[in-house]
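So, here's a batch of structures to check.
Heads up, the next two complexes both have chain A, just with different partners, chain B and then chain C.
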Partner chain A sequence: MFASIMYKEWLKIRWTYLGGAVLGVFIVFEIFLNLGQIIEFNKANSVWNYIIFQKYLFYSDFQFLPAFIGLIVGIAQYFPEIQDKRLKLHLHLPMRENNLLLSMVAIGTVLLIIIYSFLLIGLSLVTLIYFPYEILVSLLNTVLPWIVAGFVIYFIAAALFIEIRWARRILIGVIAFAFVSMFYYYMGYDSFNKAIPVFTIIALSLSLLILLSGYRFKRGTK
Partner chain B sequence: MENVVEVKNLTHYYGKKLVYENLNFNIKRGSIFGLLGKNGTGKTTTINILNGFLKPKAGHCYVFGEDSYNLSPETKAKVGFLIEGHIQYSFMNIKQIEKFYSAFYPKWKKEPYYELMAKLKVTEDQKISRMSCGQRSQVALGLLLAQDSELLILDDYSMGLDAGYRRLFLDYLEEYAKSESKTIFITSHIIQDLEGFLDDCVIMDYNSVLLSMPISEFKERFRKYSFNVNGDKIEMHKDNVVKNFEQIKNKIVIYSFDEIEQIKRYLGQKQIHFSEIKEMPMTLEDAFIGITGKY
Partner chain C sequence: MLVKTSRNILILFVIFVLAIFVPDFYWKIFEKNIRAPFVLYSPVIHDFIISKFDDKTMVRMDNEGNLLTRDEYEELEPLFFYRQIVMTGKMPDSLDGMEIDIQELRRNNFSYRIKPDAIEEPFIQLYPLLESKSGRAKLEMPDEFIRLQNRCEFINCESNEVVEDLSETFSKAFTDIGFKFPAAKIFGNPTTRKPFDEGYFITDSAGDLFHLKRVKNKPYLKKVNRPNGVNVKYIVVTENERREFYAILVSEASKIYLISYNDYEFINTPIEDYDYRVHELMMRGNILYRSFTFSSDDMIRMVVTDREYNKIDQYDEEWISRENTSAGKFSKMVFPFTLSIIDAKEPFINFYFLFSDTRALIGIFISLIIAVILYLRKKIKLKFIWIDYIVILLTGIFGLIAVLLVRYEE
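And then the complex of A and B:
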């Protein structure tokens, strides 16, 4: 049954997902080309100065990419479910409602993990071509909050679409916006090293928010 | 006979607006039950409660003996559900949707589905979103037949369908219900198609239930009489005898469960001077309009 749900979710999001992957590859490739150009036209110590002392993030174009992918995957997956209250079809399937809802989130989450891992590997390879391992570690620490923000936006999109009342949707949206903004508050290396475990736990707990929206959908749909 | 659905004192409000109060009915195994009423009388509300998509303000609804708000997966597997407007996963094509649903239902029979699909002039890779309303209704029906459920709940199957597709839909349902002793719960506001199809019915009005009885009894007992009165203004009201009435100038039409002699006595008691009283023939739709009114 889970495989069948996976099949349905994939049919819904596949083009959006692949579009997000292509965009991601394009941005990583652009970072690679820009970095090559900077290194070719500047002396090594000058590049080092920019990156270490002036905190130039050569991968800043990556910053909003995970959030954007999380958002479009969320829209592609959950918008069709609320059109004509199609979610009723899903909830009528012979499984427990909570399992049905969590299956959807789990499938989206796994697909995001795959795409984010794929892009991180690409970004890491680009980094290791030009820089030592320590810079890569710093990059991963800096990029991690952006990745977590991508998951947060995806989880919020799930809860927001399934929520039946606009007032609550707006409330969830405002709280989510404030929370996600924190992930982009500091620009610089390793800014979130201490906060990231807490943010990750909060982000993971948001994956359960769909159950609350699902409960309200089930209790009150007209 | 065992009841597949039991509705007891069901009451629901949207905010402060009463939908209905103390709705009661049972659906017997193997019967075809119609919940009839004009738009906005609470038919879809009842369907939502039956499928666990709405918690009623009061009362209970049991499906195969389980509280409908907490149906187990086993019970859900025994219930086929058609959403108003034949809503299905429109991003799938007819092959994909069959593959998707087949994994959930142990008694899945793909033959009736593909038999129905063969009659549609669509290709296997045509998305449901690119089909006409009539074709979509056949996809939804084919999936219900393939599911081979014990109880079919159909919310306004007639929505958006022309007469041919409505007939086709009911012909398949009738064949299915009669040959395999399935139970069907159907709502509709187009009544003429359901003549000869339903076993029992509940007719709903705004905020109340007008009647609950076997359809054959309703057709047999419910009558329409017309008579003339003199030029005086006649004051008529609905009551135990007169279920509804219409007056155009000096011609009056009343609807009642009583015989003509009782009606004559009733009019005499009310001191209404009438002439040319006669019983008028009615179709099921006439009877429905008679009891619910034209407005």
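And then the complex of A and C:
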């Protein structure tokens, strides 16, 4: 049963997913080219100095990429479900509705983990060509909140699309927007090092929001 | 069960966001700009002169409260406003029996600031070790950055590779002097925009303090003897042409010392009640005096000393902090706590809670009554919504808004 759900979810999102991957590769490649150009036109030591002490984020183009991928995957996966209330059919499958909804979210989450890891590996390789590991560590610390924001947007997209009432949609949307904006507060690299565990726990707990929307969906469409 | 959990998560999520944004909006509407007064010590009348904002207008006065015009005010501190005073031709020939030479006066003016958020600010632990005796008129950025982890490694920026010979020479100097790797904290000014280079002051993993410079590509490394019980919290390396002290040192116990050019001797300063976690410190100097000013959001203190750091006078002023204005008192009733992800005194994003006191019970009580009335009218049984009451009891108005927005699902 799970395998067939997985296949169905993959069919829904595959082109969007691959599109996100292509965009991601393009952005990582662009960061690589930009770095090469900056180092060609400046002395390497002044580039290091600028990155370390002026806190210049050479990877800032990556900032909204995880959020964007999370959003388009969420739309591709959940928007079709509310067209003609297709989700109603799924809820008749021989599987408990909560398990069904959680499987859908789990599949999307795993796919996001794969794409984000893949992009982070690319970004790490680009960084290590020019810089020592200390700069890579700070990059990973700094990029992590943006990645978590990607998951938040995906979970919220799931809860939003399955939700049937506009009032609730607006509530979740506004609160989530306020929450996601926190991940983009800029205070230089490494500034999220203390807060990221709690932010991650909150983000993960949001994966369950789809259940309430699913429950309301089922009740509302009976 | 899971659906209930899902609702509770949504409620907590809404509370979390409300506790950050609602107080923030509240203060955006009601906060009045309370600016600390600017205090100087006049070498003319040997007393403090103050300028501050009264609403939107700048008011200048002496320590007795007599209002001063801008010209009168500036003439009382000709060392600080020397450009203006020289221009108007009112510079006295001498002050405190010392003849005034404009060049000397300019050379002796300095100021350094230590903000609480700078003390723990995270930096990538790679530093350029400038050549301090290059024989060039201007300092130059070196081709290598140093890493003080297991040894002293020089990494060439162009190739991103370790330079072995330099690393060996410097690492040997570190082990010879008894430095315990890795370095704990590194203090210095990694810039070429300074008159000369004094390298870095470094604490090792045992807490000992060392001074490192690169002199003709060779290590200059000295252990700095600290007075008993002085543990380093923060250091500002001054690199000032007067070469009176290498650095300002703030100890773990919030005492301020100067590390003198006279064999790294620690100079005590007569500063009391300073706390590096809350106060912003400003040290100023001129040809006659030194001054240490520290302030928080409801007080300022300025201690004036002579050039030997003997205390001459002290200025204290307190004012009503934001929390104690009427808007602040009202907020203590409405919000049982507020949450912010930033704090002006901290360099990290984190969860900064500010709890109210017993006054919060008023807001919580009113919130509970509203909830009881609404739930009674809807005739919802207590066994379904008892958790809502607990949420409101703990989070007051935030909980009330959250449970009303995310209503109970039958």
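Side notes on the structure shown:
The criterion applied here is as follows: the second predicted complex is superposed on the first by the 220 of 222 C-alpha atoms of A that agree within 3 Å, B and C clash if a C-alpha of one lies under 4 Å from a C-alpha of the other, contacts with A are read in each partner's own complex, and residues count from 1 in each chain.
The rule we apply is simple: a residue touches a chain if its C-beta (ideal position, glycine included) is under 8 Å from a C-beta of that chain, and two chains touch if they have at least 3 such contacts.
Everything quoted here is computed from the prediction, not taken from an experiment.
Applying the stated contact rule after C-alpha superposition, one finds that A:Pro80 touches chain B and leaves chain C untouched. Of the two partner chains placed around the shared chain by superposition, chain B is the only one that A:Gly220 touches, whereas chain C remains out of contact.
Judged by the touch definition given at the top, the superposed model places A:Leu91 against chain B, while chain C stays out of reach. For chain A, the partner that touches more of its residues is C, with chain B and chain C as the two candidates. Of the two partner chains, chain B is the only one touched by A:Tyr7; chain C is not. In the superposition on chain A, A:Ala21 makes contact with neither chain B nor chain C. Annotation: chain A residues 219 touch chain B in one complex and chain C in the other. Taken together, the chain C residues at the contact with chain A in this complex read 2-3, 5-7, 9-10, 12-14, 16-17, 20-21, 121-126, 128, 141-145, 147, 155, 157-158, 160, 190-191, 341-342, 347-351, 405-406, 409. Considering their complex, residues 1, 3-4, 7-8, 11-12, 80, 84-86, 88-89, 91-96, 217-222 of chain A touch chain B. Residues of chain B that touch chain A in their complex: 14, 44-45, 48, 51-55, 73-74, 76-77, 79, 81, 83, 85, 87-92, 96, 99-105.
Across the complex, chain C is touched by residues 43-49, 51-53, 98, 129-132, 134-135, 138, 171-172, 175, 178-179, 182, 185, 187-195, 198, 202, 205-206, 208-212, 215-216, 219 of chain A.
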